[in-house]
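In the two complexes that follow, chain A is the common piece, with chain B as its partner first and chain C second.
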Partner chain A sequence: MSKVKSLLKNSKSELSTVIMLVVLCIIFGVQSEYFFTFRNIMNIGTYASIMGTMAAGLTVAMLLGGLDVSQYSLAAMAGMIMGMMIEAGFSVPVTLAVTILVGILGGCINAFIITIMRVNPIIATMGTQFIFRGAAFLLTDGRYIRIDDPVYYFIGNGKIFGIPFCLMVMLITYIIVWYLLKYTKYGRQVFAVGGNIQVAKLAGINANRVKFISHIIAGVTAVMGGIITVCQTSSAMPNHGYGNDMDGIAAVILGGIGLAGGKGKVGGTLIGILVLAVLVNGMTLLNVQAYWQQVVKGLVLIFAVFIDALRSSKSKA
Partner chain B sequence: MKKKLLSVLLCAAMAATMMTGCGTKEEPAAAPAEETSAPEADTSAAPADTTGSDEGSAEGKAYNIGYSNMQLKEDFFITVEGGIHKAAEDAGYVYNTTISDRDATKMKQNIEALVTKGADIIIDFNVMAEAGSAIASDLAKENIPMLSVDCIYDGAYFFGVNNLEAGEILGQTAAEYVDSKFGGELEYIVNVYDAASGDEIKKRNDGVVNVLQEKYGVPDDNVVWLDSKQDDVKSQTMTKDWLNSHPDATKIVIVGQNDDRGYAANAAVEGESRKDDCIVVSHNADPAPIENLQKHVEDKDTAWVATASYNSHLYGEQIMDMATKILNGEEVEQNGYTKVTIVTLDNVNEYVKDRDAAIAAMQ
Partner chain C sequence: MERSVFPMVRSKEDKAGERVVEKVLEMKGIYKAFPGVVAVDKVDLDLYGGEVLALMGENGAGKSTLIKILSGMYKADEGEIIVGGKSYKEFTTKEAIDLGIGIIYQELNYLNDLTIAENILLGQVPTSGPLKKIDYKNMFETAKGIMERVGLGYRKPTDMVSELSVAEKQLIEIARAFSRNVKILVMDEPTSALNEVETKKLFELIRDIKKDGVGVIYISHRMEELFQIADRVEIMRDGKYITTLNVKETNTDEIVAYMVGREVNDMYPSRDCKIGEVAFEVKGLSTSYLKDINLQVRAGEVVGLFGLMGAGRSEVCRCVVGSQKADKGTLVMNGQEFMNATPLEALKRGISYVPAERKTEGVNLVAPVRDNITLSNLDKIKRKGKLDLKYETQLAEEWVKKLSVKTPSVMTEAGTLSGGNQQKLVIAKSLNTDPSVMILNEPTRGIDVGAKVEIYNLINELCSQNKAVIMISSELPEIMALSDRIYVLCEGKITGEVSKGDYSQEGLLKYAIGEC
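Right after this comes the complex of A and B.
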């Protein structure tokens, strides 16, 4: 019994999200005969894979008390570069490597502005959000690029034993980030800097270095999401993800990572992602109009922040 | 524990609200209860396998129509969706729709959801040729036909505008005005267009240019292309700059790729007091040119004299007719084209009367 209590205590931040997920699944399952079909569950997974992969990196940035609203724009820009390289005939490994490098570079730019120029992370990434999005359009003058290659098609749409490959990519990303945060020195430093930067500095932790690496991770996962997007839709489009910038943040907060940073688990983010994916999918199956879906997503975000505020006030007390 | 309880209650309340307040019926209003299950049985009956089938909507076969829409913010999309919805209901079909908001990923997920709900055909109006072609290929593997609206996807049926033909028809009207206003002489053809919209949409201008060049022998150097970069202000500024740099030109036709470009060009013409030197024509029959034409029916004091209407209020009926034929396995042309009506000072009131009557019938 004490073990159960301990488990509940340690995982309570994710528990409310798990309950929300279960309740949503039950409601949608009752309301729509299609919800619990294997095909639909895989559709939810496919939908979640893009946002989920990106949010894994975002979790690290937010554990430091920062935000990154530039992820979707960076993903779009990297996707356009990827499309142009495919069009120019570059091989798959080279194209993917360069695209990932774009993510590293984008993360470095964000990190430089935040750590060296000391600009507030929200403002910094809001600025780069515009820059990356503008660059995405400038690269081809707004032209879309069709991708017609079986390898890329497989990345976005292929299945192994019936499970979407992109879903596997997302899960592997979570395992890597989970391992980084839980079992490495860097992971402990992330929590230390996010929890109390002054104390972390006094303990000899190079906070700027930790932040720098975190934003690079966010950049890399952003372009991984971009790669999956391009492969899923078989097209590179500069407006990919436009208007979705807050979805990942909502998922991370839903997953129990506070805006102040310092505590939370990447597993919580995964549950938050599933909540949003289930919510959108369920509403689509129930013919809820897209604009009402936006309203509901907004309510969920407010609800998540409200829960975060409740947690914070209790921990302070 | 209280917090957990609160979470559950809030979540349940939120979900219940959205389901009771925002949901729409999955079943068609006119369809009998047993028809709801019919589409699932029909899914296996691919159009390719049913060629020559004489089953039709008249016999009450309830097809499941999945309409993947881009948006419901602009008049054109609202009218088209209203028309398709009504036509599907009238035919007793199951009708499900989604909105992707210009997001290709969402478009793909939405179509997957429509297929999960048993769609026999996907009608898509997202105008994303690259992503749409890939989805059409996926759907073909499941024998689900796709009908794209206003944008040609590889492997899909198409319904929409024949842009070149629409341009040529508008060109004929422009020529009539050149004859009456400029005495059959033309110096310049100025195209206000968006290069980013692609070659297909550019054909709207090409059609007008072809007709006018052939009829009046306008040299290539006098055919001007102003790329507005999809910016209304830029459209107006560029037109104004061009007019100012050609003060002696007095016989000019300005072709707007759509009515937004036409509106901007006309504003530049009026702003520079060059109404007598210009004829402005454009595409879409949006509210702005219609109002402008109605305003000048009597005095004829406008340079913006014509707009090409693609009759969005007739789209739904025509699309559903095409979709039914596809699903029945009847022989259908790969590309179906909408009727084009040129709205001018002479017929604008009649056009508005017919259009409004058709829209009223949808509601």
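Right after this comes the complex of A and C.
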């Protein structure tokens, strides 16, 4: 046990989550012969694609030391607008463009409240979480919209060379966010603002601009998740993602980015997402009741942060 | 529970009715070292009941540390403290309060959203019953009595502290000390936020307190106050006890001489640079605090900004580098007049700033060394719209080598480096913007001697590259050795400008305390 402890202590923050992922895969692989089949792995990918895409953007907001708990509500609202446009007969490109625009707007609203009105990010996005969700219901008075269109069906369920299209969307999102964070001036500024906003400002960085862009990215990835949800379920529902609001945050934290921000990698978030997806998939395969799945998710999250605390107490000593 | 309204110790009176002065506090051989620095070195302090003892010394002389030991916040490594005839090696803050030691800090401690009464009786609110229910009637009555004592009688104990002026808040602090049966009252720069009328009132109150036999330790940088209120003055320098004088038998010059009194040694490398044209000028800079600041700095010249804490030196810097808005004033560079609205503008114009607060303004502790160095000039490492990480690493390695930063690699987290090395990162970051004007605010604060000398050498090198340097320092020997010219600030105004040949520590200090 002490060996395990010291291994955990000395690992990088993503590494402990990687170990957790491997351990989970081994457990589920031993328990269920179906787990390691190609089809099941693609299932995991499809399941992960929605929250994964959203968490990629959330990572940016959290690196700033902020938070966005409004993502799932914004996704639902954008999904409703998308559904209404499809109903009204708008073409696919126009519909998707407008939906993405809703994401940009939603991100702008969050950023405005956080930077200009100076409301704490948690409270600001908690407020917009209610507002966007309410708006999603108000748009159709709570009515669902069925969508029957091969293009949208493909976005949600289609495959290219056996790989789900939505999984590709997610992976491309991660590559873009990874590139932004690593190779652009903006990305470097995100880390600076998250690490120490005072230092960043004195270095000539416009912190508000950085926050605006970051929340727009969180908003756009949120509606991308919304679009995939609508396409996967062939319906726009105002209660999409209800109760999942914290999944993305859990994944980012599992990926090694603390609430303080300034440090971490988007690749860590991807691993965090995989941990959550594998957990849900494996437990479903093992017929674990959905309620228990929630309990286990919570335990895994706390365990991961506990390991983090162990590590930082070691580095301080 | 019965509680007296003025629970103060009165000096004993002998049979003839004459007051016998008793020693209320004796600190003997107090020694306290922090890693790398001896803050207080075998200091003695005697305090008699009914007197005001002024404690004087430059910034960093060890006054605050001594007071923190008295408050119980720090433990002395050596020495004893005798209070009420009993000797203590150390005590906790709670025990200090119980011993009758009351301390009023420069930063006032009050809870804005509570009533005056609650603030005064903080931590000793009268209660009744097993549930410790607050006895409001008793609390308000007790508070009212103390408030009258300190001259707050016109207020209601139920008033909120948030409604009070700064001076009134200060009185709350004094009232709190009274409520705790205080025998020794320490006041650290109590008048820094008060106007003249309020200061006068405070002095009347202090004279009142003296009559009750309380011993007062009074810390202030304002020399004239000392002659108004103090009976004796104890002077400290570099953590050591220097002397104690009767205020009636001394004068400003003598006190300043004792405060300074040291030789400038050869810690400061010499410099021989050609001083060129005026490179940078501040004209008529004013804010709500600063009044009409004018200064010039030439290419190849180091200009010092000296002043005591709160004189406005940092505010001048912040206005110049655009992190604070000035009400009035312009900056002049290469014949162009402008004012920087943002730090980015300042950087683009070639003005670079090394802030005083390393951990809060200088270094991003969670980022690698490399990212810290390049942060202020990311455009320099941009190639075709993309950050060239290879070049960035190379650049950072060059700076690390040039400034001899001790770090395992440029990817090491900055927070793991020592203070001196962190400071070098901040300077490297600043130099990486290729500035023509460098503003260094306390560039050697809190770093060891070796690193200091390296930074002095660096400043000299900047001069030989024809850069204009503005340096702020609270250390007189340092600023005198490095500057070609010194501007002295006092309470938001420039009170003196002295050229290298005419430096004297006494002269500079006099300007700094507004004596001229």
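Methods note: the second predicted complex is superposed on the first by the 295 of 317 C-alpha atoms of A that agree within 3 Å, B and C clash if a C-alpha of one lies under 4 Å from a C-alpha of the other, contacts with A are read in each partner's own complex, and residues count from 1 in each chain.
Just so we're on the same page, a contact is a pair of C-beta atoms (placed from the backbone, for glycine too) under 8 Å apart; a residue touches a chain by one contact, two chains touch by 3 or more.
On a predicted model such as this, the values are computed, not experimentally measured, just so you know.
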Let's test your reading of the overlay: on chain A, do chain B and chain C clash or fit side by side? fit
After superposition on the shared chain, which partner residues are touched by A:F191: those of chain B (first), chain C (second), both, or neither? second
Using the superposition on chain A described above, determine whether A:Q31 touches chain B (first), chain C (second), both, or neither. first
Between chain B (first) and chain C (second), which does A:W178 come into contact with in this model arrangement: first, second, both, or neither? neither
Quick one: name whichever of chain B and chain C touches more residues of chain A. B
On the A-aligned overlay, A:G262 touches which partner chain: chain B = first, chain C = second, or both, or neither? second
So, does A:G204 touch the first partner chain B, the second partner chain C, both, or neither? second
Pick one for A:Y72: touches chain B only (first), chain C only (second), both, or neither. neither
Touching A:S235 in the superposition: chain B (first), chain C (second), both, neither? first
Touch test for A:I19: chain B only (first), chain C only (second), both, or neither? first
With chain A at the apex, the angle to the CA centres of chain B and chain C, rounded to a multiple of 10 degrees, reads 130
If you take every C-alpha pair with one atom in chain B and one in chain C, what is the shortest distance in Å after superposing? 19
Which of the residues in chain A end up touching chain C in this complex? 182-185, 187-189, 191-192, 195-196, 198-206, 260, 262-263
Would you tell me which residues of chain C are touching chain A in their complex? 321, 323, 342-344, 346-348, 353, 355, 360-367, 371, 375-376, 378-379, 382, 385-387, 389, 429
Chain A to chain B touching residues, read off their complex: 12, 15-16, 19-20, 23-24, 27, 31, 34, 37, 39-40, 43, 46-47, 50, 141-148, 153, 157, 229, 232-235, 237, 239-244, 280-281, 283-292, 296, 299-300, 303, 307, 310
Parts of chain B lying in touch with chain A, wherever the complex brings them together: 3-4, 7-8, 10-12, 14-16, 18-19, 21-26, 72, 96-105, 107-110, 112-113, 115-117, 128-131, 133-134, 138, 195-196, 198, 230
